[in-house]
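The chains carry the letters A, B, C and D, assigned in the order they are written, with residues numbered from 1 in each.
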Amino acid sequence: MSGQILETRGLSKRFGGVPAVDGVDFRLAEGELRCLIGPNGAGKSTFFKMITGQLRPSGGRVLFRGEDVTGEERHLLAKRGIGIKTQVPSLFDGISVRESLYLAARRFHSPREALRIVDGILAETGLHAVAERRVGELAHGQRQWVELGMVLAREPLLMLLDEPTAGMTPDETAHTAALIGKLRQQRAIIVVEHDMQFVRMIAEGVTVFHQGRILMEAPISEVLGDPRVREVYLGAHSERHA
Amino acid sequence: MSNRASSAGGIVIAALGVAALIGVPYVVELFTLVDVAVYCILSILALSLAFVWGYAGILSFGQSAFFGLGGYAYAMAVINLGESTVPVLAGILVPMIFAALLGYFMIYGRVSDVYLAVITLTVSLILYHLINSTSGPEYTIGRARLGGHNGVPGLPPINVPGNASAPLDYADTFRLSLGALLLVYFTLRAVIASRFGRVLVAIRENELRAELLGYDSRRYKLMAFTLGAGIAGFAGVLFASWGSFIGPSVFGIAFAAQVIVWILVGGLGTLGGAVVGTVLIQYLTTWLGQTKALPAMLGLSKIDPSLVLGIVLILFVLLVPSGILPTLRKLLRSRQAAASA
Amino acid sequence: MTITRRRAIAATSATIAAGLAFPRFAFAQGQAIKLGTIADTSGPLQPFGTQKLQCIQLAVEEINAAGGLLGRKIELVTYDSQSNDQFYAQYAQQIALRDRADVVHAGLQSSSREVIRPILRRANTLYFYNTPYEGGVCDRNAFCTGTTPGQLLANLLPFMIKKFGKKIYVLAADYNFGQLSEKWTRKIAKENGAEVIASEFFPLDVNQFGPTIGKIQAAKPDFIVNTFVGPGHAAFYGQWAGTGMKKEIPIASQTFGEAGEHLRMPQELSEGIFVCYNYFEELDRPANKAFLERFRKKFGDNYGYISDLGMSEYMGVRIWAEAVKKAGSVAREPVIKAIEAGLSLEGPGSTITADPKTHHFVFDMHLAEAKSRKFQILQSFAQVQPTNPDGVCDLIKNPNTNQQFEPKL
Amino acid sequence: MDYAAIFVIQVAYAIASLALISVGLAVIYGMMRVINFAHGEFLMLGGYAVILPVQAGVNVWFAMLVIAPLAVGLFGVVVERIVIRPLYGRVIDTVLATWGLSLLLIGLASAALGYYQEGSKPPLGSVVIGAYRESVYTFFVIGITAAIMLALYVGLKRTRFGLLARGTMQNSAMAAGLGVDTGKVYAATFGLGAALSGLAGGILAPISGVVPVIGATYIAKAFITVISGGATVLAGTASAATLLGAVNQVVTFLSTPVVGEVALLAAAIILLRLLPAGITGRLFRGGI
């Protein structure tokens, strides 16, 4: 058990009777990188929100490093070492990039340490050119980087990344993939992605969500060849266009 | 660059303030001192809301209630004790405790922005109704009667600490008020520049993100709300001492509205704006209470001050939503840019 | 800032002065005498404040037209307190410290009086409170020219008790005026063998009386005594009549008609309400007719009603002017001494005479009933002494007294 | 026993008048998410729209049921166009602008009309209940409030305007895409809320009279009722008015009007702590 950083048991969330996440048993090992895929509305973001305390589960439990953290406050979960980059970037639009990163780093580090971390991240993400600009003025791709940078600055044990490359150019996407590759040396990461190319770039383990449940868990190559997955995607696809 | 400019501004303000503290009582007439003192006191109240609303993002529409609580706490204590040191502290602490309780209720209950605004305003009105119905002799704290609608007249002013027989005279009251204003202004500047203040601004910008980064936003907001209440209470103490009187109208909706107009006119998100807005609007309403010139010009028998306040409020929201100070700064900056181009 | 402010103030005072200047008289050089006043000419108390200010203006104008005082013109300095006691505090400081007024005639509600009285006492500025009130103020710096319970209730209540019975229900405004008036009512009722069976107090913004009307019906009093203040409370009369209780239980009021309510309300609401004041427009006296004529000439016919509220202001200014003449000085001490000599003055409603011990006044009281939108005088009481419970207030013997005495029950 | 009847009638009246003064605010807040701080002054205008015509000889029922809602409703449409529309989506700015409007209207009314309470006797006379008397108008207020709520329910549920309005409020982009003139719908909704406020002010005018600041005595109660009621216009207003009106009047009977009012406000705050989304926040999602 000590090998698991995150475990959920029968985790469920219902909205007005409709299940969005329905009895999910999920395990993630220390240092593991996992991709979550699945059609829109499969429950991936809801799943993330329950892990980070943004939503209170209707049922089931969340264990982080073996401790029950179900329904804990957001800031306490963050304190335990869970960091999240949300689907729509959640940022401090009115303040500068540098200040945003500093506040993220400063929470758990001394001022001197925080400054060092900020400089490192600015260099790593290529944001140093816009470090003094207000976050609200940045282009979409840059905003993604700022949020990613803020999650990194905290140096979490578990990183949840919800569609980190949405709105990025192919170059930026590749850069992100490289960065994630580097990050996984030190921590566990879960990435929600639609871009299969990207998934293939970064991950071996994939969990497929469908209608609030785990459809399958397997290496990427297997998942892509699975007829059920194809049906889920194509089915959902054709439904949307009906 | 802008940082350096603002700290240079700070030094100028500090220097002018100290010069005024020492010099002004010798050059202006007595009444002007009394007048300026009340402007300073009301500016302190405005600063408390400028901080709570502008920096912590808490829509405390009932900020004047803490001012009133401070004034009443001072009044009750000073009538019973005679010496003013403890009453002054009571006037700061009572509103802080009240705000801590109320704030816990609202902030930890995660009441939304607008509801918080309405609840704070309603609490102020509850206090108004409560205090207003305590005219009877049975509502007495020690030797002090709450007085209901009558208010509490004839209060002893603040005295030299430890010496009840040395009450402050008008010049001293002026020095105390201006000194307090400078103290509060620079304290708030320091708070805003500190980590605490920077986190507050981050929470105002995006509470969810701040929490996901591990900051307990509710604790920060509660602390800011409580601090703001203490400052407002301090202003209330000074006000009660200044006029020797505190009455229930400080809890009324009209006074609550005024404080908000001050902030809005001066500019939300600045401290200096709060002072500018207070002085302008307060001057305007006081003047309207005594002028005959303006109504005569317009062919009216008189002008109701609320009419003018209303027009000012609407015009600012529609046309100058960022307030005087930020708008002036912007104009100045764009002119500088044009000049250097 | 300071400079522009001063300029603005200078401009303002100039306008005030210009409005009052009488070109017909060339006044001796020397500064004008400053008479300061603070009146609620906006906000809910406006109907009272306007009347009071107009009476002061008339008195000042008449004195100036007759050559001023001691050869000097009176300059009226006016502030609008906007029905807010907080402004009374501010403007009282202003009048005393900046304007350095020679005398202040101000205050409507007892609460506003208690705000400015200590301020003016500290500043040694002579103060006149010209409003009927709950009585008991004992302060050498202040003169109170309005009626007190010993003059009003002490005549109204025995009449009501004799006519209707011994069970009284009191409805009163919830501040010191109402609170102390209720105490006086209980005291005077007891002295006349009657009893207050219940009392209710209402903040000034209360305008719904449904539950109260229910309670009154349950208590079945012989009559009601009210001390209502302001437009909110005036809604009671309509609700009372709407319930059909108007014909069942009569009302005696300590305040009705003082803002001319009987002129504007439907006649059936005011019919049969009993009051007792020291002045009514209806008083059949030549001096009164002449006064009303002068008032109408200045303010037009459409002014509403002048009650004892306005008349007290007029007489307050007049008796102060008389004292200044007698003293030959506008200074505080000689003026106080001149009044304390038992100064007396004939006015439109009554001769008023100073009571040196209490700094209150003696005058005729009249008991009246509202009939066809007029007050019909039923009975008059000549030269009634002001309230001085157990003679505790004696400013001649104890000039340093500074408190408001309350009735002992 | 008769006293109990009077008690029950007064409690029913308190509930009805609370619903009456809140319903206009509830329509505007519930459908548009605009907090109208000038609501009290809309009631005040409704009152004057009855008192002034009646003085000029107009029939009181015509003034109350036709002139007051029409005049204030039209005024609401103008206000929406000038003050509200430029600020859609800026919740706080709307609050501040309508607060300014509130002060402006108080100032205008006191300049133009002053504070002279005209006073009037409610029409319809009185009835005898055992040893007690009660104004018939009290029953009228209870009855007409029920009628207004019912009419509003039918209007929002069954008419084309109700459908358009509800659709626009839920998704204005979608409604615009379907060819609805959303600007008109907003104006009409605000106008409807204003008209209801005018009607309420008119109905209450014969009882409480009208002065320029009368809005202040209603505004806190109306806010609290609407917010305690929650998201739904009718169910929320009705349930909150019932609860708070009953608390208010029962306490008033037991003590004084002031304590009654404090009890109302305190009950509302406790309620909001327990149910932050209001009474109907959970129960009637998507209802009206």
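The rule is short, and it goes like this: a contact is a pair of C-beta atoms (placed from the backbone, for glycine too) under 8 Å apart; a residue touches a chain by one contact, two chains touch by 3 or more.
Here the structure is a predicted model, which means the values were calculated and not measured.
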Interchain contact steps from chain A to chain C (minimum; 1 if touching): 2
Chain whose Cα centroid lies at the greatest distance from that of chain A: C
Closest chain to global C-alpha mean, per-chain Cα centroids: B
Distance from chain D to chain C - Cα centre to Cα centre, in angstrom: 38
Euclidean distance of C-alpha centroids - chain B vs chain C, Å: 36
Distance between the centres, which are taken as Cα means, of chain B and chain A, whole angstrom: 44
Interchain centroid distance [CA atoms averaged], chain A/chain D, Å: 48
For chain A, residues that touch 2 or more chains besides their own: none
Chain B, residues touching no fewer than two other chains: 129, 132-133, 302, 304-305
Junction residues of chain D - those touching two or more other chains: 110, 216, 256, 258
Pairwise chain contacts under the document criterion: A-B, B-C, B-D, C-D
Of all residues in chain D, those that touch chain C in their complex: 3, 6-7, 10, 13-14, 17, 110, 114-122, 125-126, 128, 131-135, 137-138, 206-209, 211, 213-214, 216-217, 249, 252-253, 256-258, 260
Chain D partner contacts - residues on chain B that touch it in the complex: 59, 105, 109-115, 117-119, 121-123, 125-126, 129-130, 132-133, 253, 257, 260, 264, 300, 302-315, 317-318, 321
Chain B-touching residues of chain A, taken from the complex the two chains share: 52-54, 73-76, 78-79, 83-84, 86, 90-95, 99-100, 102-104, 106-108, 150, 154
Partner chain C, residues of chain B touching it in the complex: 28-32, 34-36, 38, 129, 132-133, 135-137, 147-151, 153-154, 170, 243-245, 247, 249-250, 254-255, 279, 283, 286-287, 289-293, 296, 302, 304-305
In the complex, chain D residues that touch chain B: 35, 83, 86-87, 91-93, 95-97, 99-108, 110-111, 216, 219-220, 223-224, 227, 256, 258-259, 261-262, 265-266, 268-269, 272-273, 276
